[in-house]
Amino acid sequence: MSLLELQALLPQIILALGATAILMLGAWYPSRKWILAGVGIALVAALCAGFVSPAVAEVAGLYSTGRYACFFVIVWSLLGAFSLLLSLRYAEIHDLPGSEYSSLVLFAACGMGLLSAATSLIGLFLGLEAFTLVFYVLIAFKREDPRGAEAGLKYLVMGAVATGFLAFGISLIYAASGSFHLPEAFVGLQQTAGGMRTIGLVGWALILVAIGFKVSLAPFHLWTPDVYQGAPAPVTALLATGSKGAVFAALVPLFTALGPLKADLEVILWVLAALSMLVGTLAALPQRNLKRMLAYSSVVHMGYLLTGLLVGGRVGNRALLFYLLAYSIATLGAFGVLSSFSRVDDEPQEYTDFRGLGYLHPRRSSVLAACLLSLAGIPPLVGFFAKFGIFSAALKGGYPGLALIGILTALASLYYYLSPIVVLFMQQRDARQLRRGGRHEYIVLACCFAAILLLGIYPAPLLDLLGSLLP
Amino acid sequence: MTFVSLTELPILSLILWLPLAGTLLCLLFRHSNFACRWLALLTTGAVLVLAICLFVGLPTAPGWLIREDYAWIPTFGIRYSLALDGISLLLVSLTAVLQVAAVLISWKQKEHPALFYALVLLLETGIIGVFLATDLILFYLFWELMLIPMLFLIGVWGHGNRVYAALKFFFFTLAGSLCMLLAIITLYLIHGEQSGIYSFALESLMQTQLSPGIEMLLYGGFLLAFVVKVPLFPFHTWLPDAHTEAPAAGSVDLAGLLLKTGIYGLIRFAFPLFPHAAQQSLPLLAVLALIGIFYAAWIAYVQTDVKRVVAYSSVAHMGFVILGLAAWNQLAWEGALLLMVNHGVTTGGLFILIAMLQDRTGSRDLRALGGMWKTLPFFSAFFLLFCLASLGLPGLSNFAGEILVLLGAFGRWPVFAALAAAGVIFSAAYMLRVVQGVLWGPLGQLCKIGDKDCLHEDLDRREWLLLIPLALLVVWLGIYPTTILEPLRGPISLLLQGGGLP
Amino acid sequence: MIVPFHHLLVLATLLFLLGLMAVLVRRNLIMILIGVEIMLNAAGLVLVGASALWQQIDGQVLVIFLMALTSAEVSISLAMVVYLNRRKKTVDVRAFDELRG
Amino acid sequence: MDSRLLLLLIILPLTGGVLNACFGCRLPRQMRALLAISSVLASFVLTLICWPLAADGGTQVTLFTWLKSSGLQADIGLFFDPLAASMTLMVTGVASLIHIYAAGYMEYEEDQARFFALLNLFVFAMLCILLADNLLLLFLGWEGVGFCSYGLIGFWYQKKENALAGRKAFIVTRIGDLFFTIALLWLFALLGTVNIAEINLRATELDPLLITPLVLLLLGGACGKSAQLPLMTWLPDAMAGPTPVSALIHAATMVTAGVYLLCRLFPLVSLSSVGMATIACIGAATALYAASCALEQREIKRVLAYSTMSQIGYMFMAVGVGSVAAAINHLLVHAFFKALLFMGAGALIHLAGGENDIFKMGGLKQKNPFLFWLFLIGILCLAGAPLTGGFFSKDAILLTAFSRGDGLSAILWGVGVFTAGLTSFYSFRLLYLVFFGDYRGDKSAHHLSPLLIWTLPLLALLGLFGGLINLPHFYGGSEMLSHWLGVAPALELPLPTEIGLLALMTLFFVAGWLPAHLFYRKYQPEAETPWRRFLLQGWRFDALYERVILQPYRFVANFCWIGGDKALIDGVIEGIGRTLLHWGGYFRQLATGQVSFYLQGFAWGLLLMLGWLLLKAVT
């Protein structure tokens, strides 16, 4: 590995080293200010990814440094920064150690950045595990909370098993094709015939299970609501957006490289997408807990994303990436509002907790409503064009069935997205005391709100940008 | 103001976005009730002035009178293109008028006034957008934009069963419009494959060659979205609930404007885009419209809630409009559009009056009301006038539209038209039942003579200001509908020729 | 290569399935984690074998990574086990079902 | 003369009505009545001034175009021809008198402005019917009078029955209007015009097969407005309104609009022999029916209402047997004497202290002999006493029927003659019960404004000598009206036949009068028999309609609402929602909270995928 390659990987290195440094220094100077330092490091990494042009196109045959990768490094770094900003007050009231928390989030961002940039199966594996391990800790970070511990346990066990699947799947593919590097691995797989090819496909199936777990596709989604519910709200925000988004970001080049092999997997992916949309929607309908509802709804969104992935090509991938960003922004906003509503003793989750909050905290409630409506795909919020892109891609790519299921689930989804809004604005005000939020949370929420609205009204630049990132 | 100077300004954008600016200002000054309501009034008033300028200043020509067209999302071929012809001009004017009324009727809004006015203004942007957009996605955007403010208006400020009503309204309309979205995208893709140009512009998409089966399917998607909004039997059940539970301004907007967007969508988009399928669907539309006329009138007759009666009467009136459209001739179409405007004014007026009634008596129950002429003579006179207009008394507004529809429809569906004429009797039956229950008879159970609560105040200055223009409009449109028919003539003949656009 | 790759593959698959079975059937948290380790080791086995098959070092590199990862995972999970055990006085996963629905 | 003066004819009452409606409550009391009276009186004078315009085929004048669309042109346009002119003269004249009468009658009412506004608007609408040059404007007037009648019947709205009676009148007449509307639509579809003159001119172009249904539809419209069978139930109830209203709307003018409509479109109507026969039959049947009901009525105004219905039946019969002149003649004369009777009845009710029931009146002759003589003239006209106006006009109708010579006409003639006898009987029954014997009521007389009396003599004169306007040659007359209207004069019959018929009519008059004289000259309480009750209740048509139409209507309405809207449509949609929620519950239960179960999800997913791949590999 040359210096040039190190320079090319600079953003990730900044994140990793920064995290380490914070961890070390935090041991000597425990303070919650380290979270702000983490924000700074994440921003530096984002800037670095944006302005320092990498000298080499690929690092060690593992990670790409192309514009696509850089873009996602920026996105995940910013996400990390936002998530840390959300955590500032949260960590304070729940007495979370600042430096550890901050460094873990940075590690996660680093891992996501690596995953999105992966060009080989090893890179994929490493990136994935880098942030999965972090999440094991983060989810159970609120030690005194039994629900946190249970959520952590579930994620840990499931994650570990998924890792097993992933590792075995990768090893089978490697055995069949003789390469980890992405185009070659599949080219090799295509050239082999008979038994080896079958082994490769089995490997693919195993990888799909692992990915299905990560992004919570039905039927691998069952952990999602439990973990969302148990994890601290800012961590859930990161989990719901980054850990899923990074996987999809990595899958885009992966599937592009897949070539004709995709035909073998088409039916499986179709079923997974359809199942995710349907199961997620149905399970979300009777939910009365906001976090669990968002969990199930994320299953639905993963179904939409998978549709985009299935369509592939420039149109499908652009739609997917746009959808991914739209989903991430809105989800971050929603969980951001949740964490800003949290108090020392409780974190509101049940709908009854939100009764009439809309007039007590109009701004944050509006942001929550906007996020939910954007997730539902109501214009003029960004979610509309995202859904529009996915549906038109599905129709264009010859998947009218998925488009139809998508439309139907979008319709049904309104029921569960509107329920919290109804509770917020259309029910009697509770006389309970105010839920004050912090300044940093407001910054994040304002950014999310602005993005939801602006991208909803004028998505053209982002669409162009995404189009230019794709090959 | 001359034609030239009108077109130099981006006047369509101005008229479209002015209410949105009002929304933002309202939210900005949300702590001052005073500022908010004046802002709302000023904004709607300004829109009204602009609309009147357009109405007076523009010539009556068949084609587009003003257009605006800018690139917006080139990736998808979506453009920001607005256009105004006689039909949209009329509907925009109606919107402007009714929105001023909606603001005035909610002048004493006490609960969350800022949000209320903001939503009313936002709704205005949505509605005007629907009437102006010629890019299908832009249209869809405004189409959906109308939903959210309405959802909140009903859900937050509504009466008794408001959340149910709000959600029902939302789901019915959204179910339809998602079908339309699917159809729009499909059409866009087919057109793109045929011509190589991916565009959502109405003009381009009209050139698409479609096989009959596909055309019918896509038309079905559009049709569903629009007839739910209109609403046509059997998709009408959201309407009585929504109208009844909505606050006054909401009812006015719903009945006066939102229903019209459905009709407008039919004639501007669904029919021109799928001319053959449209022709084939006419018998179905006519039958459903006829059923609606009877069915709604019957149901209206047994309602005890005044608002519900008026709500069902809207279904019946919209049945007339659809019947007129299904007749597919100049006469019936002019009648249908005229009736649409007339219905907006009369029903809007009725809802305003019912709101005043409820303010004073706290009830809308026909069994509990009665004898209002004794205590509120001026109010009652207006109430009677609007009821008469609604039941189609010649010389008042609705008659002109209804008779044109019937005359036109008779040429194509004699039996249907004859039956529809019978609907007029039913409308007399339920409307007079309302008049009977509210105005005549002894004072209702709610007040016994000598009751202190019973000394209701008759109309105050704001209410006079609100009702007189509407009443004048009702009479004016009844005796001189030429004002409206003149600008409609050209656009309608264009639409009927199948071209639909200049 | 002395051992045919197919044999190795069969062995690894058996190992993997064994691990999976342990994961699915056992209710003891420690046992489940051991099952996971077995699955990972099956993967390692395949990787080493494939590495030999293709005459490359890449597979072995991943095995090293895998081992590092396993240790990290185990350390986290054991910490978790200790913590949970302290909390509920049990390592039976069936005890942890407060979050559901 | 400027033909635009004609427009003032309708504008004046309209202005009066609108002014009273808008500002009436701000005006001094006398001003309201004055405004109303002066506007109608001005119309009357104007009619006289404009009279020459009616000659030579009439004058057409347009104010502005009301509705114009492809092929359709409906103006606010008037057509002043002899028919319209004579009707206009009658309407404005009678209306002026009744307005003046009303000023006295309603002197102490609270809501005078509303009353006079509606009355003026009524005159406006009635003139629209008479003068309209197209069917749409006619329809405007047609509905306008309906509304005014509604408003005025329910004028004393605080009594629920009054308002209900108004509503009934409006809706029942609207059922008739439906047929008229359909006829209008059809005519437009066939001829492409709604202009009356043009329709009459081009009626012969129509397919003969279509004319009969068209005529029947028009007849339906006329039946509703003129309270003919089977749409007659509203008229007796309409007597709930103030008496001037009954006199003007429900005796003299509005109820005859149906006759006028048929006469107006006579060139079209006369083309269908079946239609004509139906008109005549309906007229005869109604005449007989109403006369039979009038025999047993107890309220003075209801007697008169049934008599009105019966007389309009004669007019229909006249149209049906083809004599427009006879119909119009009877219409005019009837308007005079029936207005006289109603106004007299109003005065009598005041005299009897607001009592309506003739069995509680009696002996009023002593209270006001002048009124008695006036009323007697009215009764004589109604009963068809020889040489009164009523006699000549009725005789002309029967004569025409007789002279046609076919079987149906003979039957019609027979019914007409018999009904004349009945008429004579109930007229005198009324007279005797009210004026003779002793006062049986317990209420003291109200103040009687002089206006209530002094408007009557003029009408009495007109009624008495109304026969002169169309006196047949037989009596030495010149059939002025027939010439003026430009229709064929009545057939000349051989002298002996004429004399025989004359004698017969006189005989029936006396045959009616004698029993009345015997039974009712001295009051004796009557036992109530089922037969009497049957007649009193108008053959129980109300109960029949309630059972046959209204109850099913309410049932269907409730069924649509509860069965259709609530159960079916909402049920299906909410059912879908509930089903989804229900299924959702199952999927939700999958999240059991057990990690092991979640892990099984992995295994099953994997198994399915592998199974699929295997299947694919095999095939």
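Order as written gives the chain letters A, B, C and D; numbering starts at 1 within each chain.
Everything below uses one rule, namely that a contact is a pair of C-beta atoms (placed from the backbone, for glycine too) under 8 Å apart; a residue touches a chain by one contact, two chains touch by 3 or more.
Keep in mind the model is a prediction, meaning the values are calculated, not measured.
Asker: By the contact definition above, name the pair with the higher C-beta contact count: A-D or C-D.
Answerer: If we tally the contacting C-beta pairs, A-D comes out ahead.
Asker: Report, in whole Å, the distance between the mean C-alpha point of subunit A and the mean C-alpha point of subunit D.
Answerer: Computed value for the inter-centroid distance: 78 Å.
Asker: Distance-wise, how many Å sit between the C-alpha centres of subunit C and subunit D, to the nearest whole number?
Answerer: Inter-chain centre distance comes to 97 Å.
Asker: Measuring centre to centre with CA averages, how many angstrom lie between subunit B and subunit C?
Answerer: Those two chain centres are 65 Å apart.
Asker: Roughly how many whole angstrom separate the Cα centroids of subunit B and subunit D?
Answerer: Between these chains, centre-to-centre, one finds 37 Å.
Asker: Could you tell me which residues belong to subunit C and also touch two or more other chains?
Answerer: Answer for subunit C, listing residues that touch two or more other chains: 20, 23, 32, 93, 96-101.
Asker: Among the residues of subunit A, pick out those that touch two or more other chains and give their numbers.
Answerer: Within subunit A, the residues that touch at least two other chains are 153-154, 157, 161, 165, 225-226, 415.
Asker: Using the touch rule from the top of the page, what residues of subunit D touch 2 or more other chains?
Answerer: 588, 591, 593, 595, 599
Asker: How do the chains pair up in terms of touching? List each pair.
Answerer: Pairwise, the chains that meet the contact rule are A-B, A-C, A-D, B-D, C-D.
Asker: Contact residues on subunit D for subunit C in the complex?
Answerer: 588-589, 591-596, 599-600, 603
Asker: For subunit D, which residues are in contact with subunit B within the complex?
Answerer: Contacts found on subunit D: 21, 25, 64-72, 76, 136, 139-140, 142-144, 147, 150, 154, 157-160, 162-164, 167, 170-171, 174-175, 177-178, 181-182, 185-186, 188-189, 553-554, 556-558, 560-561, 564-565, 569-570, 573.
Asker: Could you please specify the touching residues of subunit D with respect to subunit A in the complex?
Answerer: Interface residues on the subunit D side: 577, 580-581, 583-588, 590-591, 593, 595, 597-599, 601-602, 604-606, 609-610, 612-613, 616-617.
Asker: For the complex, which residues does subunit A have touching subunit D?
Answerer: Residues 153-154, 157-158, 161-162, 165, 198, 201-202, 205-206, 208-209, 212-213, 219-223, 225-226, 264, 267-268, 279, 281-287, 412, 415.
Asker: Where on subunit A is subunit B touching in the complex?
Answerer: Spelled out, the residues of subunit A in touch with subunit B are 318, 359, 362, 373, 378-380, 384-385, 388-389, 391-392, 395-396, 403-404, 407, 410-411, 414-415, 418, 422, 425-427, 458-460, 463-464, 467.
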